[in-house]
Each structure stands twice: as structure tokens, then as C-alpha cells.
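In the two complexes below, subunit A is the common chain; its partner is subunit B in one and subunit C in the other.
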Partner chain A sequence: MRVELADLVFSQDSFTLRGSGTFDEGVHLVSGPVGSGKSTLALLLAGLLRPERGAVRRHGVLTTQLLLQFPEHHITSPTIAGEAASWGLVPEDALALAELSARADDDPFHLSRGELKRLTLACALLRDPDLLLLDEPFSSLDCTAKRRACRMLEKRDAGITVVFSHERAVLPRVDAIWEMEEGVLAARGSVPDAIPSWQHAPPYLRCALEQGARPMNIRLSDAREALCRIRG
Partner chain B sequence: MIRIADLRHRLLDIPGLAVDARHIAVIGPNGSGKTTLLSVCSGIEEPEAGSVLLLDRPPSAVKVGWVGEFPDRTLLFSRVYDEIASTPRFRHRPCPETDRAVRAVAEVVGIRHLLGKKVAALSGGEKALVALAAACAGDPEVLVLDEADSHLDGVTAERVQRVVRESAAAHVLWCTQSMDVAATADCVLFMENGRVRHHGTPEEVFSALEETCFYPTLWRVSR
Partner chain C sequence: MQDPRLRLLVTVVLSLAAFASTAGAVAALVWWLLATPRTKVLPRPGVLLSLIAMIAATALVSAWGGGPGLSYFVRMTVVLLLAAWAYAETEEGEMLAVAVWALGNRIGFEIGLIAEMGIGGLAVIRQDIEHVRIAMALKGIRPGIRSIVPLAVTLIVTEIRRSEEIARLLAVRGYTLGGRISPRFRTGSKDVLASLSAVILGFLSCLSLRDVFILLG
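Presenting the complex of A and B:
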């Protein structure tokens, strides 16, 4: 299973996105500044935008799910249970995973942004698509909720997961790093080899690298473990 | 000086608090009352009971600049220039003065190239910068930012921090989920269930949070 970007070109007004590369099974992190084209790339990978030139080729990918940055854009039902059902899920399962079981009959718009984010993330994960695209899954969450979201992501053991995020404190374990800069997608490669060349690495990772540590992955715990190894 | 006395409003319950720091970071879990506190402090909401004084005045008598988490909800005009100009225009400032203010603040925030653009064509982060410029265009005495950095990348977030640091506002109330940013404030308020659980210098507050994920990531790797 893989998704291949073949000399992809997409333009909108004065913005042009270009990208090539292959997304294999595993967790990919696409980082990059605001306005660099992360969300546009997510829409292209999801097949919701059509490239101007080049192609997005899916091999063995039968199902795709895109989780939008703003969770309220997903809402189609007046109740939380109904919302979970609209994803084709058993509401009890989704609500249990989102830790919202007590709120089944509430209006989704009465949830806080963080709770709503938890609900849509739980629904997207339970759908278990071959290709899961998560646009800023951690924004607006507090650190406890971000950690929970990371653990949910790390439990996914098959398929291709692409996380588009600028998160700088709580990150999941990933297999590969990509960066968007002014509309151009650059592959940094597999983790851990990709870590030193990661321009948008979070401050804690940069700090660990500067001290000579070589973290095995990108989480704060990985940075601390690597520091312990060199400090003894 | 920010003084809170016997404040009760929705889930907020703050018996008394006096903070005499310029840059105040407000942190805490989702749903702990951070946004509600900021709304009351900026005069957007009147408290059900108790009082808030900024610079010894009620918030309605203070020039407050507000930057929300979701700029889409506060941006009123379709063109970036008009959005930023709205602050002086609503105060009936003369056109040349308005124009000077808009260009000056756009320069400071680094968005001069966006002035002629339609707001709808901007990315989420660019909208946040426009909202910050509009808030600063009125020379606010108190600048309030409600998780304005939640949807910003590191480079843009640093730009926001610089603008905020250099602004002439007497107080900056900044709610953030970035503990590394909060660690650079003069004072930190940690909220939980509508109450201020800890307040003091970053050292004091984060030492009480060392066992939690609210401890700054940079402190974890550099200490």
C-alpha cells in the first residue's frame, strides 16, 4: 500500500504547490509554516482537489479519510451520538473512545473545541481507513488531550497515516518526516536519520541535538532518553 | 495592575487576585475557564458578581485590543486594509491618521504585502496576524490574546511574540497552550475548574506542575 505523488503541481491565485515522493505505510509528519500549503496538500492527497499537472497515485488504498482542521466543519447531526452514527460507526464505541459517553444526547456544538476534536479524531480512527489524513489534529487541545490523541494514533498498526501539523510540544512517534516550504514539499526521509535535517523541529528536539544527543524518534520522551544516554 | 475581587461568572470563581506584571500568561486545561476570564477582563462580558479593574478602571473604560483563537469569528471586513483600519475608523480618526496607523502596524506585524488582499484568500495563520494588527492599530492599553498561537507555526508564533513584547500596552494577557511561551512571561496564572490554582513567576508556577505535561518542554531537556 502506498501513495505516490508524481510531479504534482497545483495553483491557486498566486500560490503554487509542488511535490513528489512516496508515502508508504506508517505514520508521516508533514510540518511547515502557516500558509505553506499543508492543508492544500491534504486536500490533494484526499482527492478533493485535482492537480493541475502530475498525479496522486494510490496503490492498494481502498479507503481514505480526511480529518479537517476545524472539527465543527464535520458536524452533520444535532446529537453527539447521531454524529458518531453519521460516520457509519456504533455510537457507543466512538463515544467511549472519545471519553464522551455521558454526552450522547447533547448538541455537538455544546462541546468545547477540544472535546469536539476528540470526537472527530476518535471517529476517524475507528473508521480505520487505509489512508488517514489528519490536518492539525492537535491544535486547540491541551497537553493532556494531545498526549491522548498521540496514543490513539500510535495504536493504529496498519495503513498510511499522514499528520499535517505545526505542533511543537506533544508529538506522536512517526516513521517519516516531510516539510512544506512556500508550497514545495520536501522529503526529509525516515526517522531517526531525518531528525537532524528537520528544519521545523520543535525547540526541545533542537536543544537535545545541540547538546549532541541523537534521539531515536521525535517525542519529548525520545529527546530526554537520548540526553540520558549521553549524560550517563 | 489587574485587580479581581469576589469574581463569580459562569464557572469562574476567583475570590481575590492582584497582578502587577506586564506579560501575564494564562494556562490550564481545555474548559478550565481561561477564555471566560479573558472575556471578563476585556469587558466583552460583564461578570455576574464581583469586579475586575484594569489600571484602576473597569475594563469598559480601558482601550483593550483582543485577538481571538478563531480570527474568522472576529474579522468583519473583506479586505485586509479595511479590517485593520476598522479600529481607528470606529473611533472616527481622520483618514490620513488612519492610513498612517494601518501602514505602521502592518510593517510591525510584517504583513504589508497582505494589505490589498481579500481576507477570504488568507491562510489561517495570516488571518491571525491580521487580527493581531487590527488589535494593535488602536494603541491598546491592554492587549488580550486568546490562544492566538494555537493555529500558528513556530516562526509565525515567534513573530506574534515579538510584536506583543514590543507593543506599548501596559498589560498583555496571553492565554496559550504553549508552555515554552508561558515560561517567558513575567507572571503565570494556572487555571483549573474556573479557579486560579497557581499564580506567580514561571519558576514558582511550573515547579508546582513539574509532574504534569504542563511543564515547559525546553525546561525538561535543558535542566
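Presenting the complex of A and C:
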């Protein structure tokens, strides 16, 4: 199973996105500053935008799920239980995972953005698609919810997961790093080899690298472990 | 057309003429073909066709009941074309400027603000519909009769909530009644010519054909 970007070019007004590469099975992190083109790339990978040139080729991918950056854009039902059901799920399961079981009959718009994010993230994960695209899955979440979301992502043991995020504090364990810079997608490679060349690396990783440590992955705990190893 | 006052005048005059009679609709259509960028101001084909389909459905019902179905279709389609042109040419703040120019900083400002919010709301509704369309595609929901009611409820609730938020925001910022702006307008010679011709066409279309020839004679 893989998704291949073949000389992809997409233009909208004065913005142009370019990218090539292959997303294999595992968790991929596409990082980059706000406005660099991450959401556009997510829409292209999901097939919701058509490239001007080149192609997005899916090999062995039967189901695709995109989690939109703004969770309110997912809402199509007047109740929280109905919203979970509209994803084709058993509402009780989704609400339990999102820790919203007590609010089944509430209006989804009465949830805070963080709660709504938890709900849509739980629904997207429970659908368990071959290709899971998560556009800023950690935005609006508090630190506890971010860590919980990371654990849920790490539990996904099959398929391709692509996390588009500018998050620089709480990150999941990933298999590959990509960067978007002014509309150009650059592959940094597999983790841990890719970490030193990761320009958008979070400060704790930079600090560990500067001190000569070689973290095995990109989480804060990985940086700590690496520092402990060199300090004995 | 640069001057929003003339644009509003033309839209009102020609829409009334088009709605009043088929002759008025034809006159307004001729003006639309000559004085506007025509297809460049039309909405997306999907939106335009669904609006025309709604008019056609009403016209068919009217014709089936012995009413003037074809005339209704022609008149309402021309009103739709005029509305599309006026909407496409309107820029942010123009309605407020025109209302203040016409009715002053108190009542004019109130009416202008409501008009601005209404026009801005149309663009937001369009975005909301697009978001719902994407959400449905992502969830694998096919658009149909069963999905229309919950979607309409969601859109209406969203708009009501947004209106409440705007009202609260205005209150927080100390808005009570009226405001003070000094509107400025640019009027080109082409604007004046197009407006005059629209008013003349609107006037002529109100007369019967016999009266037109008497006037011209």
C-alpha cells in the first residue's frame, strides 16, 4: 500500500504547490509554517482538489479519510450522537472514545472547538481507513488531549497515516518526516536519520541535537532519552 | 459600473420593468447584454442552472394551471441576470455608503449596515454549503431527499448563531444606533450613459407599444 505524488503541481491565485514522493505504510509527519500549503496538500491527497499537472496515485488504498482542520466543517447533523452516526459509526463507541458520552443529545455547535476536535478525531480513527489524512489534528486541544491523540495515532498499526501539523510541542512517534516551505514539499526521509535535517524541528529536538544527542524519534521523551544516553 | 448609487438605481428600475411585463424583460435583457460584462458576472454554472431550474419549475406549475408560465420564466430569468450582475459588481462597504448618502448617518447607517451584513452573509452561506458538501463527500453521504432536512437545519442554525455573535460583538464594541461615515463615489461618463439608457428603457417598457410610437413620432 502506498500513495505516490508524481510531479504534482497545483495553483490557486498566486499560490503554487509542488511536490513529488511516496507515502508508504506508517505514520508520516508533514510539518511547516502556517500558510505553507499543508491543507492544500491534504485536500489533494484526499482527491478533493485536482492537480493542475502531475498526479496522486494510490496503490492498494481502498478507503481514504480526511480530518479537516476546522472540526465545525464536518458537522452535518443537529445532535452529537447523530454526528457520530453520520460517519457510519456506532455513536456510543465514538462518544466513549471522545469522552463525550454524557452529551449525546446536545447540539454539536454547543461543544467547544477542542471537544469537537476530539469527536471528529475519534470518528476518523474509528473508521480505520487505509489512508488517514489528519489536517492539524492537535490544534484547539489542550496538552492532555494532544498526548491522548498521539497515543491513539500510535496505536494505528496498519495503513498510511499522514499528519499535517505545525505543532512543535506534543508530537506522535512517526516513521517519516516531510516539510512544506512556501508551497514546495520536501522529503526529509525516515526517522531517525531525517531528524538532523528537519528544519522545522521543535526546540527540544534542536537542543538535544546541539548537545550531540541522537534521538530515535521526535517526541519529547525521545529527546530526553537521547540526552540521558550521552550523559550516562 | 463604478458608482454604486447608479448601479442600485439601474437594478431597481430594470428589475421592476422586467417583473412588470415581458416587453420590460426583453428591454432589460438588451440592456444587460450591452452594458454589463455578461457571462463574467454570472455565478458558477451549477448554481445558475439550479436557480433557473427553480424558476422553470414554478413557470411550469403556472402554465399547467393556465397561467402565463413562459412570460413568468422570461421575466424572472432576466431579474436573476440583473441580480447576478449587481451582486458581482458590489464591493464591501458600498451599500453602507449608498444608504448613508441617501438617508443620513442615523437611519441610513442602520439600513446600510443591515444590507452589508446581508450581502456578506450570502458569501458566508456559500462557503458553509461548500463545507457541508465536502463533509458529506468525506463521510460518504450521497446528497438526496433524506439528507436535505438535517443539512438545511444545520445551515439555518449556523446562520442564526453567527447573527447572534455579530450582534453581541456590536454591543460589546458599544454600538447603539447610527454611525458616522463620509461616503465618496466615482462616477464615470459611461456610468451616466448606461444609467440613462436603463431609465429610458424602463420608462418605455411601462408604456404600451402604441404609446411608444406616439412618443417617438
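To be clear about the criterion, the second predicted complex is superposed on the first by the 232 of 232 C-alpha atoms of A that agree within 3 Å, B and C clash if a C-alpha of one lies under 4 Å from a C-alpha of the other, contacts with A are read in each partner's own complex, and residues count from 1 in each chain.
The working rule: contacts are C-beta pairs under 8 Å (C-beta built on N, C-alpha and C of every residue); 3 or more make two chains touch, one makes a residue touch a chain.
This structure is a prediction, so every number in the text was calculated from the model and none was measured.
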First (subunit B), second (subunit C), both or neither touched by A:173: neither
First (subunit B), second (subunit C), both or neither touched by A:220: first
Which of subunit B and subunit C A:148 touches, first, second, both or neither: neither
Which of subunit B and subunit C A:32 touches, first, second, both or neither: first
Which superposed partner A:114 touches (first subunit B, second subunit C, both, neither): first
Larger contact residue set on subunit A - subunit B or subunit C: B
Subunit B and subunit C footprints on subunit A, overlapping residues: none
Complex contacts: residues of subunit A adjacent to subunit C: 46, 48, 65-66, 68, 73-78, 82, 86-88, 107, 109
Complex contacts: residues of subunit A adjacent to subunit B: 13, 31-36, 39, 69, 112-115, 136, 139-147, 166, 168-170, 200, 202-204, 207-208, 211, 220, 223-224, 227
For the subunit B and subunit A complex, residues of the former touching the latter: 28-31, 69, 121-126, 128, 147, 150-157, 177-180, 212-214, 217-218, 220-222
Subunit A contact footprint on subunit C (complex, rising order): 131-132, 134-141, 147, 150-151, 153-154, 157-158, 161
